[in-house]
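Some structures to go through are shown next.
In what follows, chain A forms one complex with chain B and a second complex with chain C.
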Partner chain A sequence: METGIEMAEEVHTEGALDAHAGGPDHGESGLSFHPMDQFIVRPIFGENGDPVHWYTVTNATVWMAVAVLCVLGLFVLGTRGRAIVPGRIQSVAELAYGFVYKMVEDVTGRDAVKFFPYIFTLFLFILFANMLALIPMSFSTTSHIAVTAVLALAVFLTVTIVGFVKNGAAFLGLFWVSSAPLLLRPVLAVIELVSYFVRPVSHSIRLAGNILAGHAVLKVFAAFAAVTVIAPVSVVAISAIYALEVLVAFIQAYVFTILTCVYLKDALHPSH
Partner chain B sequence: MENEAALAIGQMGQYLGAGLGAIGSGLAAIGVGNVAGNFLSGALRNPSAANAQTATLFIGIAFAEALGIFSFLVSLLLMFAV
Partner chain C sequence: METEPIDLELAGTCVNTLGNAIGMPQLCDAWFANQIFWLLVALAAIYLILTRVALPRVGAVLAERSGTISNDLAAAEDLRRQAADAERSYEQALADARAEGQRISDEARATIRADLDAAIAEADEKIAARTAESEAQIAEIRDNATVSVAEVARDVTGDIVTALGGRPDQAAIDTAVDARVKGN
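And now, the complex of A and B:
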């Protein structure tokens, strides 16, 4: 229901509490809150039911801004000293830089290094958004398909444009599998074409779905903690799942970045 | 009255569909396990080549997982959006 900011916008004209009027009746199941309530986009200033415009400051935009500020803080303040023997913050920044630089070089090749700033920005924004979402009472921006779809569409457009600019019409050779028997090639071309256009969909939904599912599971176990008999089990389970979510937050940022590299490699070297 | 019954049946279908969609997530788990297991068996045979292939491992896991996430999304849409 709250899978996109646009959807939440519609919801807000009727008030946030009616948000799952059409959903399941969860009043009697012992849940005092709904696991999906955490994903509702709310304006920071003003009432809950106020309409959300594109310029409205909501919890989603605030936490995205916090993520950007954290990245800026880490890299501007952390590397300002330019110490030869790096301090704590500077070594974290250098580690992240080296990690992504090596990934771009290994997966995409040396000639793709000019795309490194873009890929590094993507990685850091997603990583910090995912990690900040794990702070209790914060808002998980990357669980919204509206957010991840923009990131994935930007990658998709970049890759397509770079592919055509670099290779011209030869980029279409990506869809024409010249190693396959001639009879099979048209069939494969259709499959390749579909899989090419599904890329931004799966790219965005993978990130949003993972974060959404993880946070929903956390909330479901939090609701079990209210039942005295299974409360200890529930608390242990929450701790374990939280640890898993920290891992997932990193892995999803890594996967998003490495898939960007793979797509970029297709654009730069479309040999099939 | 008839309208109510139709709505109830519709909602039942929604929940059944969401439950069936959840099976897809489980099947994707088998796929992810396959990828990781095969990677491990290969990595134990030739540990020196394993480090270079971790990126491939994650790409494989991501592709297998994406389809499970699709079915999870279908379940979510059935539960909350339809």
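And now, the complex of A and C:
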């Protein structure tokens, strides 16, 4: 802890010195790289430097709320008509429903349908958070490891608990590859066990890392756009990366969801 | 002098005095609790929206739609069967009519054939009678002609004999002429 604070203070003083030294320079060249500033959590009400308590309404709160409102708009207002021949918004809602429902059914099995609301919640939250993060000046909630780690840990705990409740000790058979030669089984069991506990790590870092990297790269190119000579290249690059990020936003939501389904399948049917 | 510590306090370990991030904001543990709390609130809200309103509604709409579609399909199947029935009865009527027509035409043909056969037989009979009659007449005519030829030949023979200065022997002339006429 002490070393951490020391290091942070060091960094802080260095940054301050840099800022003092390069202050006018920044203004002249227009080049200022702060690609990580977009991820700062700020209180919405009050001063910029106010402490962030667990209950403080921050930009993270606001954009999560917008995601919830989008879900509300799509699935409650959009399906208000309960039309047999759906309108545009209702079609999208039905499409999303069918997409995830079929995914759960195909990947995890018919008996996993009772987990569908839970999986659909994860999918919709991640999808809307990713997409809303692409709005300029917005906040990328899913780029924060705190958020994705909670999502991944929730999946990990769900899978582990469901696995033991459904199968009892037989769930440990997941780590005992009975089709392998007897000599190899202990080795494989260690590997399986490690990979099982690495799951939440990769599950969370994959999502946060993708969103974080994409948005940081966008910001770097945006900083370059202030330099007249390379501005056109920068703008084209921003457009291209933005398009890629739209794809990534969907794909990461999809990947997170389908991995959740795969892990859940292990819990429900632990045989290899 | 006083601003310095206040600035430091405001800045904290994650943001420097200029408001720029120090390192990765993702690793700033002072913000973890806030994000986790609001994330759980958001997830709970979405879960409640989905389970209380959205999913039952969308599920009901989808079920109703598939019900409507299967009903329509059943109705279409029913109509198709009716059409097939109608077509079958039409085909049946057509076949019946065709058979009836065939029967009538066969009957007519048979009647005509019978009439025709009777007429032909009658005509044949008449023709045979006529032929017989004609043959009789021809035979008679031929007989008459033969007799006449013999008579003429006898007279001519008698005249020739007389002209040659002989006395015609009627019996010899008859025999000769008859033999000559018969020979031909």
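We adopt the following convention: the second predicted complex is superposed on the first by the 240 of 272 C-alpha atoms of A that agree within 3 Å, B and C clash if a C-alpha of one lies under 4 Å from a C-alpha of the other, contacts with A are read in each partner's own complex, and residues count from 1 in each chain.
Simple rule for what comes next: a contact is a pair of C-beta atoms (placed from the backbone, for glycine too) under 8 Å apart; a residue touches a chain by one contact, two chains touch by 3 or more.
Remember, predicted model here, so these are calculated numbers, not experimental data.
Enquirer: Classify the contacts of A:251 with the two partner chains as first (chain B alone), second (chain C alone), both, or neither.
Expert: The first partner, chain B, only.
Enquirer: Is A:36 in contact with chain B, with chain C, with both, or with neither (first, second, both, neither)?
Expert: both
Enquirer: Does chain B (first) or chain C (second) touch A:205, or do both, or does neither?
Expert: Only chain B is touched by A:205; chain C is not.
Enquirer: Touching A:103 in the superposition: chain B (first), chain C (second), both, neither?
Expert: first
Enquirer: Which of the two partners, first being chain B and second being chain C, lies in contact with A:267: first, second, both, or neither?
Expert: neither
Enquirer: Can A:64 be said to touch chain B (first), chain C (second), both, or neither?
Expert: In the superposed model, A:64 contacts chain C only, not chain B.
Enquirer: In the superposed model, does chain B or chain C contact more residues of chain A?
Expert: The partner making contact with more of chain A's residues is C.
Enquirer: First (chain B), second (chain C), both or neither: which does A:133 touch?
Expert: Once the two structures are laid over each other on A, A:133 reaches no partner at all.
Enquirer: Look at A:52 in the shared chain and tell me whether it touches chain B only, chain C only, both, or neither; answer first, second, both or neither.
Expert: So A:52 only meets chain C here.
Enquirer: Tell me the contact category for A:237 with respect to chain B and chain C: first, second, both or neither.
Expert: Once the two structures are laid over each other on A, A:237 reaches no partner at all.
Enquirer: Can you list the residues of chain A that meet both chain B and chain C?
Expert: 36, 212
Enquirer: Considering the complex alone, what residue numbers of chain A touch chain C?
Expert: Touching chain C from chain A are residues 5, 8-9, 11-12, 15-16, 19, 34, 36-37, 39-41, 47-49, 51-56, 58, 60-61, 64-65, 67-68, 71-72, 75-76, 79, 82-84, 86, 90, 93-94, 97-98, 116-118, 120-122, 124-125, 141, 143-147, 150-151, 208, 212.
Enquirer: Which residues of chain A touch chain B once you look at their complex with the stated criterion?
Expert: 1, 3, 7, 20, 22-24, 36, 103, 106-107, 202, 205-206, 209-210, 212-213, 251, 254-255, 258-259, 262
Enquirer: Show which residues of chain C lie in contact with chain A when the two form their complex.
Expert: It is residues 8-28, 30-43, 45-47, 49-51, 53-55, 57-62, 64-65, 68 of chain C that touch chain A.
Enquirer: Within the complex, which stretch of chain B touches chain A?
Expert: Listed in rising order, the residues are 15, 55, 58-59, 61-62, 65-66, 69-70, 72-73, 76-77, 79-81.
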